[in-house]
Amino acid sequence: MDNGRSTDLLSAWDFDPDDDTLREECGVFGIYGHPEAATITALGLHALQHRGQEATGIVSFDGARFHSERRLGLVGDAFSDHDVIRQLAGNSAIGHVRYATTGETMLRNVQPLFAELAGGGFAVAHNGNLTNGLTLRSRLVREGAICQSTSDTEVILHLVARSRHSRFVDRFIDALVQLEGAYSFVGLTNKKLVGARDPLGIRPLVLGQLDGHYILASETCALDIIGAQFIRDVENGEIIVIDDDGIESIKPFVAQPMRPCIFEYIYFARPDSIVHGRSVYDVRKKMGAQLALEAPAAADVVVPVPDSGVPAAIGYARACDIPYELGIIRNHYIGRTFIQPTQSVRELGVRMKHSANRGAVEGKRIVLVDDSIVRGTTSMKIVQMMRDAGAREVHFRIASPPITHPDYYGIDTPEREKLLAATHSVEEMRALIGADSLAFLSVDGIYRACGYQGRDPRRPQFADHCFTGDYPTPLTDVDGEAPRQAALLAEAG
Amino acid sequence: MDNGRSTDLLSAWDFDPDDDTLREECGVFGIYGHPEAATITALGLHALQHRGQEATGIVSFDGARFHSERRLGLVGDAFSDHDVIRQLAGNSAIGHVRYATTGETMLRNVQPLFAELAGGGFAVAHNGNLTNGLTLRSRLVREGAICQSTSDTEVILHLVARSRHSRFVDRFIDALVQLEGAYSFVGLTNKKLVGARDPLGIRPLVLGQLDGHYILASETCALDIIGAQFIRDVENGEIIVIDDDGIESIKPFVAQPMRPCIFEYIYFARPDSIVHGRSVYDVRKKMGAQLALEAPAAADVVVPVPDSGVPAAIGYARACDIPYELGIIRNHYIGRTFIQPTQSVRELGVRMKHSANRGAVEGKRIVLVDDSIVRGTTSMKIVQMMRDAGAREVHFRIASPPITHPDYYGIDTPEREKLLAATHSVEEMRALIGADSLAFLSVDGIYRACGYQGRDPRRPQFADHCFTGDYPTPLTDVDGEAPRQAALLAEAG
Amino acid sequence: MDNGRSTDLLSAWDFDPDDDTLREECGVFGIYGHPEAATITALGLHALQHRGQEATGIVSFDGARFHSERRLGLVGDAFSDHDVIRQLAGNSAIGHVRYATTGETMLRNVQPLFAELAGGGFAVAHNGNLTNGLTLRSRLVREGAICQSTSDTEVILHLVARSRHSRFVDRFIDALVQLEGAYSFVGLTNKKLVGARDPLGIRPLVLGQLDGHYILASETCALDIIGAQFIRDVENGEIIVIDDDGIESIKPFVAQPMRPCIFEYIYFARPDSIVHGRSVYDVRKKMGAQLALEAPAAADVVVPVPDSGVPAAIGYARACDIPYELGIIRNHYIGRTFIQPTQSVRELGVRMKHSANRGAVEGKRIVLVDDSIVRGTTSMKIVQMMRDAGAREVHFRIASPPITHPDYYGIDTPEREKLLAATHSVEEMRALIGADSLAFLSVDGIYRACGYQGRDPRRPQFADHCFTGDYPTPLTDVDGEAPRQAALLAEAG
Amino acid sequence: MDNGRSTDLLSAWDFDPDDDTLREECGVFGIYGHPEAATITALGLHALQHRGQEATGIVSFDGARFHSERRLGLVGDAFSDHDVIRQLAGNSAIGHVRYATTGETMLRNVQPLFAELAGGGFAVAHNGNLTNGLTLRSRLVREGAICQSTSDTEVILHLVARSRHSRFVDRFIDALVQLEGAYSFVGLTNKKLVGARDPLGIRPLVLGQLDGHYILASETCALDIIGAQFIRDVENGEIIVIDDDGIESIKPFVAQPMRPCIFEYIYFARPDSIVHGRSVYDVRKKMGAQLALEAPAAADVVVPVPDSGVPAAIGYARACDIPYELGIIRNHYIGRTFIQPTQSVRELGVRMKHSANRGAVEGKRIVLVDDSIVRGTTSMKIVQMMRDAGAREVHFRIASPPITHPDYYGIDTPEREKLLAATHSVEEMRALIGADSLAFLSVDGIYRACGYQGRDPRRPQFADHCFTGDYPTPLTDVDGEAPRQAALLAEAG
């Protein structure tokens, strides 16, 4: 079912000729016991804004009642009004920023989701994706559950609601053990703030502290913005329970080695975040340096594709001692939507987001450094833009391996057939993109940039399925019956 | 839980010094198989606007998908945009106008409500109130159901979802038999339009036809606006099922005599509607005439309290041959909210909605005719306004009996202690209101205006509990444990 | 030039199949020295809302600065927000409600208009229309004046700004003597509240008092709503100057007998207003009674066309002793815009505003009473609606003479060729409208209802040019060169 | 006078702790004869968005009528709607982006401004500031002119309107010769697109061409975005007149050497723009290199203050062969407004826009490079942020000389007493900012980066008054009587 209103808001065509990126679906944040809980949460979400710009929400609890505010758009617009913050009363709160993945973006899907259970209210925000979400949802609907959202996050609410256990934490565990896939949850009840990370720790979650009040957040940059202290990463398979009695760690799953998603380092995490003890900025520079080692180029300047290619370009430039130059300027003043050009205007080759800095590239042999190639459409345009600006040679270097497989853990990758590297050889890609040379970082190279000797094939240190096809969990929805049923359901209603 | 946004929308103080009326919570409308289903539904709801002005919604089905649009405010504002109507694609639709009763008005509560059930989508709109709604809801939540709205209408969705029957109609009946209280439902599935009226037929529902396409609506005026034909009233305890094969009538309940709510005649229905074969306008004039018979007054003019007192005043004036005069002018241009006056301005005795027509009342002995007295606050102001305008005597006549008991069937009456007649004798009321005389129509008088000899005490022809305390159904929520539990729940979450 | 935004706001098609009325363009209000000046003004404008529903504005002066708020829409919506009222600081204020006439409705045209003159700010609100407005405007533009609005009211600002006098009142008079046509102005400077009425007093203006603070308003109903006392009508050709020293009356024009617009009695003024000592409600009833005398009908019921025909219908019914019945019900919940029906829906004959009360008219011979016929489109629909509802005979009676000439003094009449009575005989009109008989009140009849023996042809007591073609002032713009020039100007820019 | 609405929109407190920049007030764009004039203009304005983000407007001419759309906010939001663009019909258009300077930002001040003159409409958009604007305005108001905006741009409209010449171009010249200060105008009449640059060419303006249609724009980046060709800079004191007969250049002033504003190179122009034949990016790198020469530092890393310090930091790093590192991360997702923190939250030292990249600076001696110091508040915070992140030493280097004098030509500098360098020695500034060392580029150094030997004291090549106090034009408003009069006027009304 479409909610006309929300759809309408998003139906305005977003003219972004460069929309060819990976998109994470979420960031989460929670704080317990702080008198300014909603403000702190809004600030934390602002620092996590790069993880999702389509919608945001906060739920607070004031000791007696839950309060909720969920909006489409940026944190800074949604929570700019004092009245809005004032209504989010209470000293505990959780929040969420999101991209749409499994559900269409509509207000009903904006998180945190909330339900009144028999024992009281429960709000939950989710980063990740369940690989058996549709299967569980089908089962629940057959049993008479009413799903209001199309988000797979709602499944956790129903599982908690239906648990036969009486204590909330037992019900929560009861629900978690039924889930497959990747998840970092923060949840709020009338007594507790809870966090949970999937058994492999695919999606990130960190624990911090501000003036003695515990915080859970997707990345350390959300702690830094408010001057909070980083305590530690939440471990894979760990449940954190925070209440007036303090903090408790529960590990209900059989212990497994962690396999965090490698894309947090390559693309998603903010460069100033520390993920599992590594500076993201530093890892990216090392990827650039490793790339220079694996695939050097005879060139006059190294040009980053802004903003995501910048650290790798700095690393590359330094490793091969070629000057680093801003050959591409990025316009950050993109409104939410922009004019859809007519065909005649489109043919002008308008660049809303990127423009060439002719003075820096004209007559030069350039090494263009980007973090990844997804569909390849941006790459084609950028290379052409460099040539139009007078670049003599364009050597394209990608600081990650070719993406050959889709993700099912919360990254919005296109279907396999739209992944350029899934259907083209490197030489075919080069020809298509129009570069003079093209090279990717090797899979082992990426592990080296992270401090390993290389990938351990028996027990890979990261979830790297997009490069290797080695999915770390079962893919029940994809492999099973659920998808077809889901499609039928959607048609029915 | 509060949704800040909606609350905000309504928190603007509605300065209506005359807000002392009974308020029906709903009107419903549905049409099956018409190519302009959403437009027809919007027009039908416009004609039913008097039944609820706080929110409105339409759900349509286009053969493959359901579309929904729910808004706070008037039908004419919510459905003024072609884009909105265009998104409500399909040739079947149901709609709703509402006042808040059991749930706070928030967007989540605006009907029609919708759920994706195992067999497909189901949308439902409800006029009435379940007297065991909280009891059922408590049981459902204990069983793990997640209630998104605070509306008792959601209970029907859960009951249908949880039924063990496989055919939709069986599931719907399975749900209906668990309900107590008053309801007129219209529902829409991917195959059918259904209507249902409670076993006593407390709330109204009529069946009509437009170019061969069936329509269900709360009142005949919703048929008239689109030039549709009235077929018949849906009977008490009857379920109407409309699909491509035609229309079917199902009566799953033990047959009982009908007991429609008498207030439809007194106040709610539009004067041009025909309810159970009687012209509402005509009944109201007869109530006025009967009142003249029972409680004549020596006066110069008969003045209606506009707009609800007008037909009774015409009847009264004619019966006693006293000139009918517009002694009170009503300002219809009230915006949704208005300035909350400061104390100093309030003391000016500002009248936003009513003003005295001095020329018509100055120096006169007047009979003031209104349809009912609820709290009495308006009556006091109106009488004072007449005196300020120079009326020599004010004889107040009410074309219905004293309201001594609250309603639990969908009329928004105040708690018993706030009903003026529940705690005051007629003479006490007269003194308080400041009238020279005060008289109410008798209970038997109201039956006479409807064509009966009087009330049949063994088997009353109407639901008249507000005057008599004779509630036609059990009041499980009020009498049982549920209310206290509900209060606890609310506190918890 | 179009301001896209405002245009946009109004471009939504206002589906009002019955939009066939005369529309006054304005109401004005001003108060001096009251601590709640803006609130009082908002309330006064609310009482004047019937004089213009398209836009409203208030300008206040706080002793140091002017504050302004101008909006499209109703007073109750524009001034519902405390913040808005709080920004209108100060103890003097003027306000305006309007329909568009000479200027398109766009925010720039919404009054009060304001200018910073050499001596300080000057805000002005205008009810009426200048018959030499375009001529003056052309001259001003040729002299280098820049007109921001397309409203003729702006002309007065320029004339005051360009006056060679130094005292404000002298400059104001300097401007007034150049104007032709009808005007009731209220103006506000940093020292004074001024009012002015044209030499014939065509448009109304009254003087009142609230707790010793003077008020100027279009009608007495704007005094009544705030409990203010009526002092007297401002006289024709009189300027009222109110400041800290009290009140002053200036009469700069050669004295002439007053000729107020007869349409204030027939249609515009609120029934509870007292205009020039006469109760409007009473005059309308007398018009109805006089009409019954002049054009009786053998009928069973008298049915008013609501709301404007109601008082005349009461008068008519009583004069000929035929029962008065609400045969037509008016829906007051019209949103600002409504769905534009498709052709197929339009053919259903949808009635958004009026519906037949079948019970009251079926099988009856009815006398339908309305206040006037303009284009005749509504009349045709109403008569047809009565026949569809089963009326046996329809005798149409109009409580004013045939409108044969357009107004140029602030009433939004159509061009002459669209005035039904300008091109059709009474019998032709009857045939077109489909009534069994049709009759209008005579010109003398209308004077009789106002207490005269009849119209004094040498010195008519009213401006009645719409019935007689006897325009009370020169029509410079119409007769002169200005209109053509204006058209050229418009094209140019 | 305040227009409550617009004020309201901006009254939300913009919490930007780093708001310590110079702000240009405007960018202008115009195109003549292109079938997609409004779309082209919107795209051009998008490329000029860095020159003003508070408001934007476009006026088009369709051969018969002018159309206008003016909004607060970003170009991408204002012109995202097809309907808006469609209403801006015609093949000529001009547009504007702005910061508020002399007038408060209210919708009435948003440019282009428009007036209907005797000869037709005239729209004008202005980048710059008149140093005799208030003086001219006072004279005009004394003569009876009515000023609707508080913008000094309106003065040009009045001067053109009042000119005694008959041809438009003569009137325009008549107006220009009365102006003092800096201006780049684009103007649109019903026949012509005109551009004008002040006699010294203080503000920039370039001429381009797209498919044979002439374009005027503030910077070349506005040509690049639509693939237009750069023709040449408009010369100082040159008027460009474009119509169906082609292009004409008029030079009505006595020839003078050009003195463009040096801040275009330092801060305002986009790095990819070419200003007077120099690549802005290249000049900025050279300023950094020159700064390294003048003020080297023993350090481990060079860290830019993003985004404005980036090119100079690259130049500095390369000149002294110290690694360039992103030690500060900028959050580009700032909404228009953000939560005003409570005192307790503020004390957390929240950084909405910048955050430290600890991994890059911890334990390092850093050279921090920025483009300028205005108030110094940002500098203090940034230095502290670096120290908090563990920087061992912080050497602050500014790639421009100390700003000791305010600008009066369209740059929003604070009053002199708030300019840190106006009241502090370099050593005092260093101590205040908390850096280990502080150094500025010399005045001659900046000329060297632009290719000169140094500043020519007899005939300086640039307007560099902010560094030298050598104002290139009279400052009539500042030195004369006007400001006091203006203040009085404002009080009066």
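Here are a few things to note about the model shown:
A, B, C and D are the chain letters, set down in written order, and residue numbers restart from 1 in every chain.
In this section, a residue touches a chain if its C-beta (ideal position, glycine included) is under 8 Å from a C-beta of that chain, and two chains touch if they have at least 3 such contacts.
These are the chains along with the protein names UniProt gives them: A, B, C, D = Amidophosphoribosyltransferase.
In this text the structure is predicted, and so the values were computed from the model without any measurement.
Considering the contact criterion stated above, no chain is in touch with chain A and with chain D alike.
Look at the contact of chain C with chain D and you find the same residues on each copy: over half of the numbers used there are shared. Greatest centre-to-centre distance from chain A is found for C, with centres as Cα means.
The distance from the centre of chain C to the centre of chain D, with each centre set as the mean of the Cα atoms, comes to 49 Å.
Annotation: 61 Å between the Cα-based centres of chain B and chain D.
Not a single residue in chain B touches at least two other chains.
Of all residues in chain B, those touching chain C in their complex are 12, 35-36, 39-40, 42-43, 46-47, 49-50, 53, 73-82, 85, 210, 221, 224-227, 270-272, 274, 279-282, 307, 310-311, 314, 318, 323-326, 329, 331-342, 344-345, 348-352, 355-360. Taken together, the chain D residues at the contact with chain C in this complex read 1-5, 7-8, 59, 64-71, 83-84, 87-88, 114-122, 141-142, 144-148, 157-158, 161-163, 190, 489-493.
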